[in-house]
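Dropping the structures in below, format is structure tokens.
What follows is a pair of complexes built around chain A, which joins chain B in one and chain C in the other.
This part shows the complex of A and B:
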């Protein structure tokens, strides 16, 4: 009896162990190992022409490909393979992809983005694919059908969507910026009004029609509203006030008027508060209020002008602003409740204005007029106080604003003779002019 | 010789100075012009001895700049060498025939991988692996590392990517013993969450990652 039980017990243990080990191996997962230490490599991507399946799609295919190419090239993370290196046969769907030909010299591509366009009465459809050429048997990294109406504007939109999907895949989930917008001030129609355009300068359109002066537009964190400085007469008195424009409503939303001059609004990262300069109590100081104007309270207490607040978008716990309390306008860092103010020391004299905090909270862009020159854009590492000069000897370059990917900046520059909006990569390379008409200034990149 | 304003009064004998110091202003021992020292004989330029002919020895080449260490080391890596991050393409398990050590479970570090998964994630979805590498690398903020540290041994961080791309279970499996480097590595991983969702073609629910950081200033 007893030995039998013992044997049964052992058996049970063995069975249990076997079950356990099976469970263990079933739980075991796929893994991979990678690392860093020698910098970040760019993905080498080939983007052949996209096949137009119908004749109506042919003119749109050209627009589509041009926009897609420009988006990917400017993304900052992709190394584009020159079209002259492409194999002769271009795929329009995964079954036609000859991975060997693309992987081999001279193309040496790592991935290929391709697809086909169909335009008919129902609209425009783009079947887009992104394939790893070293692994043609694996399913494409991206296969998606994009639909819109068959217009040139929508072909652009589809290209931006496809580009953003590719950038997100190749950068490990960080969204691209091809569908972002830039708001700015332009006086090309007579008055300084708020305008909005796509990040590549397309689709420029006027947003406000206040027929006065509108300045310093700032996108809300959800990119649905724009806060700006407006000069709207009220009971015969015109003074600088904070206005908020709602994009979905297409009109201004309520924000109370305050005494004195009110300007340079900035949104808190959660979108619930606005910091701005107000001379309500005489001295221009920084105040914080809810987006409906309630609970307004003062956070700076220093003689002189305190203006241009900007929140740390990552934490919302800190703020940088401009103050001339020490004689000339320079940047100060404080907690968002105004405590613990410290001057951001720079290795030279001069005016320092227009602070803009990068999306990861790590870098601060600003414009600085050193005694030896003109206003130029600089970027400072908040922790180490290391400086990089991004523009030099090309007119006045001011008012930087970060793209949500933290890889691009928009700014205003007078390098062509007139004040216009430009963008560049955050290392100062690849400057691109977006506006050409009249004078444009004070750009702000939408956070999404 | 004595000089004094009272020397014209002979009745008062003045004491001599105890020590006669020679005047430093007037040197009356030599003439007005000092004689120049005799010039050294000019070296006879023609008398350079002809060096004795010797068989020329090859001098070692003068190294002006340090060449890359890769070029310096001519020994090829043994075929069974474990690839040690050169920043290139990621190391991936070639097949599912990897071994299991102990029963440490799925998240153990190093070469250990369970066999039940498809085991070829890295080779099937190398674009995903590179995207993860790109994202984490770009989020590695090295400016927060102690400036006195010039080099740190490799830090290895393991984590799990869930299907929706969120990163969990971040832990240091091999410390560099430099706290600020370890912290920056963990922060780089955590700042990258959420990553791109796992590829739709991948059937598993999550993927374990072993990510190393080599720091040198």
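This part shows the complex of A and C:
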């Protein structure tokens, strides 16, 4: 009797401890994700298969619809109606649309995006429509003919164009991102080179062939040039310099070389200036120069490393950068001429790096390694200093960069074991892996 | 490199000395040999032997010769005028055909001997005597840093003080000082931190009297780690100012 009681007592303690520890770990993970700039009420949209009017259009119709669906689903502002709720009869032009059937349960659609594809010797044409199902007699909100060549790549292109037109209509004029690109660094062919891909990971291609080390690519505001850190010889010494690659010219354009380490270029919102780190005068400080390198002038004056400048893209009047003047690298805010420097205080210690200003100038994304954890991506409201953590407990997550719609971020993550490029919605939901080969890093989303 | 040049120079000096001695002998022979009576001049004859006829680079060959009816003898290349008979050591660095020309009242005659020199094994000469780049890698040690820091620790100052001694002893040596960082922190931040580490090393050496124009700095950030594990012992290996000798 006595031993049994003892055992029961021990068991009770063990259970109590287990319960306690469970409760504690549950509390430790008591974090939440809050939406930032994402619409509260999403438009319910039905996107039935698009009719292929010619045999040659049939294989392209599948690519077209898959890409269109993915674009709209990932736009962050659309509630996609599941195809299993669709009426049996699918329209290919406005005269075939039975609005009531789409508006009724179970579809409960607000709008329908549909159309038809024709492919022949002259190329590929898509007649696309967006109709309000509650108002079938009104002309479609969108009706447009899209043309390209009859290839799989161009079917993708047309789908991106149609998706962007739909998103622009449903988000009050805010352009979609389906035709944007992401530049990044990949070493899959041996050396770290600059690469570019579509925003959905398609069409990955190598841009530079410098065969050394290329890092930190950043699109110019008009998305025609990429500034990056390159290792090239200068006065007999190979060191980090600023390189600028022109997409239309397909080659590097001239930028002067400076003594020491020169890195981390960032474009001013009007595209006329570049801010970058240079140790031209000994200490790594931030300088601003015209895009041809002229009128170079220093804007930070603090012993230590001062780097990763980023302009407020909305006003061009402020800058955020990284400095370890206080001991560890954290973020500082200043006027774009370097005056009025203030530390951006956070409620915990640790490295704070990779600042990225949202297109509307209101939010700042960055990477933060708190003493208790790994590198994770946070978004802070510049005015209220309110913080949202977007990633957690999934490897190192760094280098956030905003999509031009302010609703998406691209970043690098080691969550699969290797460093790869990912995208997610700006509330941390729907992470998508874009690269899989080798190691990739430092993504930057094109501003248009 | 420097030692090799000196050695070759010494060998050449020795060779010249030897030739000078031979030259001295010739004079003596000339002085003591009684001049033959003027008679119908017989044509000169001459033979030349090289032993051994095949050597490795750096070994010595003995050339020996004899002649009749000759007053002037000359061996080419590189030996010069010699006595009517004798021998001399030579150290050809490549395969050589030695030719002796004997001239007398009755005309002239030539003879040749071929010496085959085997190419040296490429690794052999450096193994024989350490050159400066070997001494550099044996004596010059890197400076290691604390996390996030570019100021010099006590152990780094000790190492750099010894490095400065070496650089003073070999004033011809120029160095590139590379700043390296561990994988923590951003690529961009580490490019700056690496530059500060390289500059800290350079400035300390300048304070010890090493001219700054013998040193250049470069930052590799976290791009060229010495070690790729994700732990402190590996990170410490990667936080350094690394010396590379510039030729």
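Everything below uses one rule, namely that the second predicted complex is superposed on the first by the 406 of 448 C-alpha atoms of A that agree within 3 Å, B and C clash if a C-alpha of one lies under 4 Å from a C-alpha of the other, contacts with A are read in each partner's own complex, and residues count from 1 in each chain.
Note that in this section a contact is a pair of C-beta atoms (placed from the backbone, for glycine too) under 8 Å apart; a residue touches a chain by one contact, two chains touch by 3 or more.
Just so it is clear, the model here is predicted, and its values are computed rather than measured.
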item	value
Partner chain(s) touched by A:77 [first = chain B, second = chain C, both, neither]	first
Touched partner set for A:414, first chain B, second chain C, both or neither	neither
Touching partner for A:132 - first (chain B), second (chain C), both, neither	first
First (chain B), second (chain C), both or neither touched by A:191	neither
Partner chain in contact with A:381 - chain B first, chain C second, else both or neither	first
Touching partner for A:213 - first (chain B), second (chain C), both, neither	second
Touching partner for A:98 - first (chain B), second (chain C), both, neither	neither
Partner chain in contact with A:41 - chain B first, chain C second, else both or neither	first
Interface residues, chain C side, partner chain A - complex	148, 176, 184-189, 191-196, 199, 216-219, 221, 223
In the complex with chain B, residue positions of chain A that touch it	21, 24-41, 43, 77, 110-111, 132, 134-135, 138-139, 141, 168-174, 360, 362, 381, 383-384, 386
Chain C-facing residues of chain A, complex	192, 213, 215-216, 229, 237-240, 260-261, 263-264, 277, 279, 282-284, 304-308, 322, 324, 327-329, 351, 353-354, 367, 369, 398-399, 441-442
Residues of chain B that touch chain A when the two form their complex	85-87, 90-93, 100, 103, 105-106, 113-141, 143-144, 147, 154, 156, 160, 165, 191-192, 194-197, 199-202, 204-216
